[in-house]
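Note that chain A is present in both complexes that follow, paired respectively with chain B and with chain C.
What follows is the complex of A and B.
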């Protein structure tokens, strides 16, 4: 009987990085209970609905950053692509272009940034930090130039359908934003865990040279990861446009770092080859719960920033400790045999 | 010989024309406007006012210089560029009170007249033309208190959405707003800073509404749009009062989600600023040192 339970549990524990995911999941539960005790409104149905919707964009950019981090790279252009997406889509709509046509054009433009990132990193072999720093600045520039250096006017009544689709509407009692995040999460989780592309993404993150020698196409695999990142950032930009009913040039500022935080708290390694999107859900949730819960607790924004920073550092520290522990154990086993 | 004299004649005429041209430029004053960035509609309106004054005055070479984003180092660069470009006067909207003072001292040493528009720095200037943000914040609070009273609400929680804790103008608005609530039985919650991002401001406003606030104040454009969208979604009787004037804010007022917005008069700053600079360059003594360009309270009734 014990064996019967033990087997799947052992299999679960064999997944690399699961330890941290389980730890932070426990952390999320504890954190939520503490906030709930401090202020019962935290668990009110209205706040839970709002909170889940506030987590959704962080989860989406977290998915993108996780993909890129697992390949062993980083995407610093996420926040700027969010800004570019909101400015392009809002500008087109204020010019009277059909909202859904605007969305299509915006997606194409944002995928262009993802394609450039992928090619610069994998084909031109630029360090990802530099390549995406460049595209980050360029994308922010495009966001600014989209409406001639101004925030846009209201996207108007014609775009009400789009605003409901991305943000204000509900389906089966949950805000659409949450559904969008969940559906995209399910798709990208499937790709990462069940397809060849997914395996290749892990492979080049673990050891790019070995992966190349065993026939993995580095250029196309890396580019795919950056395309995912640009796509989800674009969706977050569209959600931002829907939320505000206008385009602000500063939208998405430092989101790339929020995305790193969500990924890293959720156990995705910044060294590549390790992490799972379930962890990213937990990472994004911790981020959202802290933002929301600390506001209810009446904490000043500065305190919130400090707390989030500490949690990011602790999560990475946890990863480092677990890794070195495992390394030490391995050595012990090797020396005894 | 004939040809040569023709060429000489042409050269002579061209030369005198050129000399006249430069003479005209030299007698005109070079006035530069340096704002925090080029993005905000607010700065565009300062520029419009300044342009109008320059056209009316005639012999002014007016130019708008601004960094692409709010950044102290970039603003210092703009000041240095204006001085190098032969500025006689600079109209400056200082990014922060202290960061640009060294650059201003260099400019002043080079004989440049300094006038502050919108935000002053800690360096003597001929005049400051700005919105008294503390007073404007108090005006916003009084509008809110009056509206709440009309609804029979005399106590409850109030939420503030602002930009950050470092921008002098929004910090002053917040201070003025809080001051007006002293002695009332309203309770102002911890301010939420959202960097002027309308989407983030909306989320934070929604959290405030969940906490049961009776009034919400947005300290700038993005904050106000966030407040308005949150009130529109919640559909409750929360009173929203905002700051700045934009197409989006006006539509939120028309739809009844925002009760009032405090509109600054940036065009007045630019217009009067150029005139002040011109008079100072002509040797006039300028007073007063500080001019409050005021705010207009825009509501559904007076739109």
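What follows is the complex of A and C.
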């Protein structure tokens, strides 16, 4: 029996950064148990379904931010793209345009932001922080002028199909929102781990010059990562529209930072080259469990924010400590040889 | 030179680095007001000696006297500076956003109470600059100055901190002829103030204008010290290279095939000027030259890593356009770069991922999905062929030893069928056994009819392993030698054939 699991276990332990993922997974289990004991309703099927539905958008934007972080960059425009997506789609629908056509137009608009991010960072070589800070402000502006500086009215009956697809409907007993997140996660995880593009994303994050000299196209690879980020943000915006049945201009505020939190808690390195989307699922789940569990425990929003902030700092700190320990050990070994 | 006392006396200096004896019983002497040229090939130990004198490295054994005072134990950079030893590196170390005055006083600012005493610093900076006849406004930002002026600011800074021994490492490499003349004027000025100057340079033709005495080193050993006037250029060169080649190289006979690869009139920046050469199938072309001769820059321009101004690249009789490394690789032209950590490896990724990276086009389906089976096969074959020692293919590239890292850098290019393979310093910093494996690999490529080009700064390697040798100096190709006619002297002569920047104005 031990022999049977030994080999896959060894193989698992060899995966880079698995340590942090396993640690935070254990943390997630412990947190859930604590909340479960504090309030039995936490594990009720109703709450679990809700909890998963809360996690889904954070997971989606986490996927996008993880892609960009692994290339060694950052995307600050995520939250504004969510807002832009919800405002454009809702405005179009209230103007009587077919909901699915509206969705298509919204996706194209959001990909435009991703394309600009990618080109500004990789082709124009702007620092990613500045470039996406700019597009973040622009995208938020677009969200505001989409309906002349007003939130939209209800998107109405015509859009009921869309609302079911993105939010209310269930498939095999799970809310569609959760399915959307899982399916997109599976697709993007496959791309990141099994395709050439995925490999290139890790390579440029680890050493852009070495990757370039190995024939990797920095412009197209970086841009693809930003496009993924814009796409998932767009989907989250559409989910938001379906959820509230209208467009609000400040939707998605600070989501870019939640996305960083989910990625980083899950072990994605902000320095690039390292991380996996499995970790991002755990990171997003810890986020959701904390929000939900603390809410049940009666903690006000302010306390929730403080707790989550502390968790982010601690998880990165742990990673830094582990790495510097390993680095120091390696140096000692090198100096003795 | 009326002052006969030595200000620097170094005897029996030994310094070893892991695996290398960088300095072996070296002596060095300098008098006040003397300009001493420290000469030697790449790796002769000049910089190591200079670094020991300035406290950057500590000596293993040997005695050192500065200004008549014996140095007991280790000398720290700070002590060395306080005693009056300053070094001006080839790459200048200035804070480009600060002013000339701020840079001159950096680290030892003058204060009144706890406030900076700007007025007195400015006054003193002005004094130092005018005492050196440097016409510069102390309030100008250093970043706005030309390199030559920045260098003068460094010299002023050294003088302000009371330097009596000034080490200059390749000071003229970035200067124009007028600027060199200004620098020499400055050096003569320092000399008359009694400053001893150690002048490290490969540009032998410049020496006659300033140098009094010459110390020559070779392979970490002291060779001779003589007044410059008593030496001819030929004597200097033959003393620099006069070593016997002990190492054996696994050379195999070449069967030179057709011309595979030509570069015509390639220009790219100041270190790649009108490069023109051909490479034939089944031969190893060695590229020799001193540090900074532009060899790496040339290969990078060919490979598309850096932009080129003009030039034609012809492969198999057809001109090809290369604007980025991707193009070069697609055409079958690959480059194993010099700096492993910076350009060669993604150190955070595994050995498997590193080897597969440039070959993903061969390993992927049309949809871009990596075929893991093919990948594992390729990686395992490369590891076996190159005898790379590792715990697992999943090990991080950073966990390997230097030699094994180099094998990964080389190995990733051999998994595909290329027509031209360029190696930049393939054996730098690796042990003998690993070197031999790399040589054998190059032989395999040569045998299979691939055109191999390799850059090396190690003369024995170039002489022992190339079928043909091309020598570069200052961004130009200064000559080509067949294996039979090549000698160390001839190579060094070609490698020091600088364009005459500094016209002789003294009879």
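Everything below uses one rule, namely that the second predicted complex is superposed on the first by the 325 of 337 C-alpha atoms of A that agree within 3 Å, B and C clash if a C-alpha of one lies under 4 Å from a C-alpha of the other, contacts with A are read in each partner's own complex, and residues count from 1 in each chain.
The rule is short, and it goes like this: a residue touches a chain if its C-beta (ideal position, glycine included) is under 8 Å from a C-beta of that chain, and two chains touch if they have at least 3 such contacts.
Computed from a predicted structure; not experimentally measured.
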item	value
Chain A as common anchor, with chain B and chain C clashing or fitting	fit
Arrangement angle, chain B at one end, chain C at the other, chain A at the vertex (C-alpha, nearest 10°)	120
First (chain B), second (chain C), both or neither touched by A:194	second
Partner, of chain C and chain B, that touches more residues belonging to chain A	B
Contacts of A:44 with chain B and chain C, given as first, second, both or neither	first
First (chain B), second (chain C), both or neither touched by A:273	second
Contacts of A:185 with chain B and chain C, given as first, second, both or neither	neither
Which superposed partner A:203 touches (first chain B, second chain C, both, neither)	second
First, second, both or neither for A:226, with chain B first and chain C second	neither
Contacts of A:214 with chain B and chain C, given as first, second, both or neither	second
Three-chain overlay, closest Cα atoms of chain B and chain C, distance in Å	32
Set intersection of chain A contacts, chain C complex versus chain B complex	none
Chain A-touching residues of chain C, taken from the complex the two chains share	18, 303, 305, 324-326, 328-330, 335, 337, 342-350, 353, 356-358, 360-361, 364, 367-370, 372, 392, 394, 396, 399, 412
Contact footprint of chain C on chain A as seen in their complex	14-16, 194-197, 199-200, 202-203, 205-207, 209-217, 273-274, 330, 337
Of chain B, residues touching chain A in the complex	38-41, 44, 68, 165, 189-193, 195-199, 202-204, 206-208, 210-212, 221-222, 225-226, 229, 233, 246-248, 251
Residues on chain A engaged by chain B in the complex (per definition of touch)	41, 44, 46-47, 50, 53-54, 86, 144, 149-151, 153-154, 168, 239-240, 243-246, 248-253, 292, 295-296, 298-302
